[in-house]
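Please find one structure pasted underneath; my questions will follow.
Labels A, B, C and D are assigned to the chains in the order they are written; within every chain, residues are numbered from 1.
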Amino acid sequence: MTQSIAFLGLGAMGWRMAAHLPKAFSDVRVWNRTFSKAEAHALQFGTQASSIENAVQADIIFSCLPTSAEVEALIATYPPKAGSIWVDCTSGEPTSAQRVSAKLAENNVHFLDAPVSGQTIGAEKGILTVMVGGDVVALERARSAIEPFAGLIEHVGGSGAGFAVKAVNNMLLAVNLWSVAEGFSALKAHGVNLESALTCINASSGRSLASENTFPQRVLNREFPLTFALNLLAKDTGIAIDLAHSAKLPSPLLALTQSLYRAASNSLPEDSDFSAVVKLLESWTGQVLEV
Amino acid sequence: MTQSIAFLGLGAMGWRMAAHLPKAFSDVRVWNRTFSKAEAHALQFGTQASSIENAVQADIIFSCLPTSAEVEALIATYPPKAGSIWVDCTSGEPTSAQRVSAKLAENNVHFLDAPVSGQTIGAEKGILTVMVGGDVVALERARSAIEPFAGLIEHVGGSGAGFAVKAVNNMLLAVNLWSVAEGFSALKAHGVNLESALTCINASSGRSLASENTFPQRVLNREFPLTFALNLLAKDTGIAIDLAHSAKLPSPLLALTQSLYRAASNSLPEDSDFSAVVKLLESWTGQVLEV
Amino acid sequence: MTQSIAFLGLGAMGWRMAAHLPKAFSDVRVWNRTFSKAEAHALQFGTQASSIENAVQADIIFSCLPTSAEVEALIATYPPKAGSIWVDCTSGEPTSAQRVSAKLAENNVHFLDAPVSGQTIGAEKGILTVMVGGDVVALERARSAIEPFAGLIEHVGGSGAGFAVKAVNNMLLAVNLWSVAEGFSALKAHGVNLESALTCINASSGRSLASENTFPQRVLNREFPLTFALNLLAKDTGIAIDLAHSAKLPSPLLALTQSLYRAASNSLPEDSDFSAVVKLLESWTGQVLEV
Amino acid sequence: MTQSIAFLGLGAMGWRMAAHLPKAFSDVRVWNRTFSKAEAHALQFGTQASSIENAVQADIIFSCLPTSAEVEALIATYPPKAGSIWVDCTSGEPTSAQRVSAKLAENNVHFLDAPVSGQTIGAEKGILTVMVGGDVVALERARSAIEPFAGLIEHVGGSGAGFAVKAVNNMLLAVNLWSVAEGFSALKAHGVNLESALTCINASSGRSLASENTFPQRVLNREFPLTFALNLLAKDTGIAIDLAHSAKLPSPLLALTQSLYRAASNSLPEDSDFSAVVKLLESWTGQVLEV
């Protein structure tokens, strides 16, 4: 049987993810709020620009939107058909996934929270990490539709678990980057060669993706390219803290990090890349992190 | 001209580092406070167990001791001969390096702070990262003696810079590990599969050496093997904070981390591995991090 | 017209608050889950032990329960009569107040969130501070019923505002107490006379109710009398943090405090007084705060 | 026997403190770096403008300077005469007190660290709190010279103890003020009436001098009058943290506060009053704390 696929939300990630689907499926419907993007996608990748009403009639529906609020609003207005599977690749909220999942189950629709990691380059190459929460049988049914853009598909638990893991992952990125910035501010103030120091640390136990990639490629070169918005990472740190908070767990380091990113997001220009968070620290220290 | 080499301090790291020296030098003197260790080293690796008085007459003297206090005490009592180079591989204090360096320079001795990273496995294989502060010409003269146990030798700045980079590296390890523990406590409380979550994060932007190595190999398996003592890492976080503090830099995340490791070091058994720091968090959350 | 009054919840606070009502009202119904407490109250203070069904038929109903969850459950099962006013003296959640208030308004019942401060001694003397959120006209109608146990009745805003102010007040108590404990740990470690230091600080700019009252009367004398449970204060700090979090405000100091109290609440005996939080700090420092 | 008194440093505090001395002593010498201030003081209060060389020949010498560095420099250049007592009212560093005290003792001079609290109004009225570290017999000999400007003179321990208590006091002021600001930001974001909220809290357990005095008199009225410089309070928080740090005590809340004040001091105008620290928070939250 031929499956129909829909992809809702053609932002920086969604655009690239949906581009891989026509390799495996003939009926790939794409929709975007600014509809001209859907038409451009169809032209470039052989998908079909589709109305939202038509898109939600597909067998498997992907969504990749800024937050869970947009996903919930869309589903409330345009419910998917019975028997379909909704795969939400948004970096969303676990409690939202549980709420939506329970609601859709009443109409025999499966909801999988399936956020992705790997940034635009990973989406382009089709090697994203997909962390999936929800029904494992539904995941098996949807797997062939996820595979075109995935390097790793991992079932991590029940509904909301995918969002939870993504939030924690992004929180760790946030912690690791900020702490590198604090550490290198101190080194700079003491006249240490920052490039040599980074070489050492990246060959040592303090290394992280933030020190190996983010810090040299976005911060030290002062480029701060906007590929992942600071306000979205600030939101993700909030989701991670909600996890700790709702379980009554103390989480001092993550809570502090959340405050720092919230402060940065509230005080830096709205279109800042997440790496620009270091500018808040620089305004306190006077140490500009450049080489 | 044949150089004589001495190695002072045959702990878990020093023992393995000194073992590589006879490959390149014929006169390798080893000394240890518990002298039988020096004799055993000589027997096993072809070094010479030497009195401290004789050791400090070598052309190049390595030290690898718990803290700068021990190094300073040793140098004060047994000063090296004029023209020699003292290479201190201790994870020491930058201010101590500057003090000792200035003092030894009066007697025409160079002092290099040259802490290492790579743990016992890296020492065993002779692939340690060596981050060096001090005179660059002295480093060139000492380089052939360092190479046998090094995978990377990096000059990072003036006297104390090597210790500074090491302290920041270890602080980052401390931050990264603790934040992984907080994040995974939240995931566990929400019923997420920890192994799958770790697989995702280690394929994503939140990864670090702490998540890839320390957390699965020491924590999740509940082994906490003692190869790097918690109280030494707590000390290192204190050195890192001193760097920020003496430069009047705010450093909220590192300062909090320092307090957490200090609290753990003060309340856990004295012979705890650094990874056992998670037990302090576990006592607050009731979430045991195991799979 | 004679008003009937009910008081639900005869804990340490409610018992004493309800005791003042017969001075001003002839029909005062008291109810408690453990009903014998209601009967004892009636015997001692001239109130009437009443069934819950009868109590919620009063014109003005007070509740003073552990958390908003108990209040919401009670109201759902035993709705008050139309035209009545429900005055909730619980240290509750602002969002709960808004939810309950909107629900009760459908049946022409006013809900006032009216938490109190002043501890058991203030309740005993009838001089509590009552911070009120909700309709100001309803407050005027209920004022004469609140006055018997109040020293100050202050309208602070719309529904939930009273709970919000109480949560922030308790959070400030939490911050002030913990910081006194940290500060005095450092003084003790340096051999300073703690009593003299406290005399100085309480005559200086660092003083707070925590330093003037809590610290000498509960901590330094090692009595930790259970009059306000640590787990309830930990809950209150969580409510305060929710306020900041839902408004997307960074709040680093309060967030850290919340984690510290949550850690203490999770690791100390369940019946600990809030002042026993210092024992968590003492387990990290080895400095026992006593004179 | 008539005692001669000197007062070095006629800043906002010293000017007012020295003004009380002629009531009790006939020989009161005042000195200030900008000498015209000493001359004006003499004219106004009947003291004698004196050279520094002459001033340090007094029997009792007070100093009230910005930091311990200025005091140490002064003493090194102009040592006091044998048998005299040096009473340092600076908010200084305990380690400096110990160093200077030991040095002066060699020449039979007593050094008392005797910082004061009470701000300019307390100095004006002569009711300052004086917290004294050092030899108790020397304090008794100097007491009559301190009394004219003191409301409370308290011996708190050995050399440095006075500075330690002052640093902790100021740290507590710093914590209490910042936490009030965070709490009221949350209340404002939720539409709570700030004046009513403050009335409640100041009648409740969350109150502190910061909430009763600093917040309404400096912040909510947006006046931020410069009577105690932010950079000096930031320095004092650093002294308090040094106390914890040198004793290897974790001190998470104080360490975070120190970073916040350091960040504020580094990023706000140099002549900011300490209360202006809230402006840093406001830049993160968008909530201006005014009524």
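By our rule, a contact is a pair of C-beta atoms (placed from the backbone, for glycine too) under 8 Å apart; a residue touches a chain by one contact, two chains touch by 3 or more.
This is a predicted model, so every value here is computed, not measured.
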Computed over C-alpha atoms, the centroid farthest from that of subunit B is that of chain C
Which pair wins on C-beta contacts, C-D or A-D? C-D
Go ahead and note the Å separation of the Cα centroids belonging to subunit B and subunit D. 41
Just give me the whole-number Å value for how far the CA centre of subunit C lies from that of subunit D. 36
Roughly how many whole angstrom separate the Cα centroids of subunit A and subunit D? 50
Expected list for subunit C, residues touching two or more other chains, is 249-252, 256, 260, 262-263, 266, 284-285
Name the graph shape formed by the protein chains and their touching pairs; answer line, ring, star, complete or other. complete
For the complex, give me every residue of subunit C touching subunit B. 252, 256, 262-263, 266-267, 283-286
Can you check the complex and tell me which residues of subunit B touch subunit A? 94, 117-119, 129, 131, 133, 151-152, 154-158, 160-161, 164-165, 168-173, 175-176, 178-180, 182-187, 189-193, 196-197, 199-201, 203-211, 213-214, 240, 243-244, 247, 249-254, 256-257, 260, 284-285, 287
What part of subunit A is in contact with subunit C in the complex they form? 238, 241-242, 245, 248-252, 255-256, 258-260, 262-263, 266
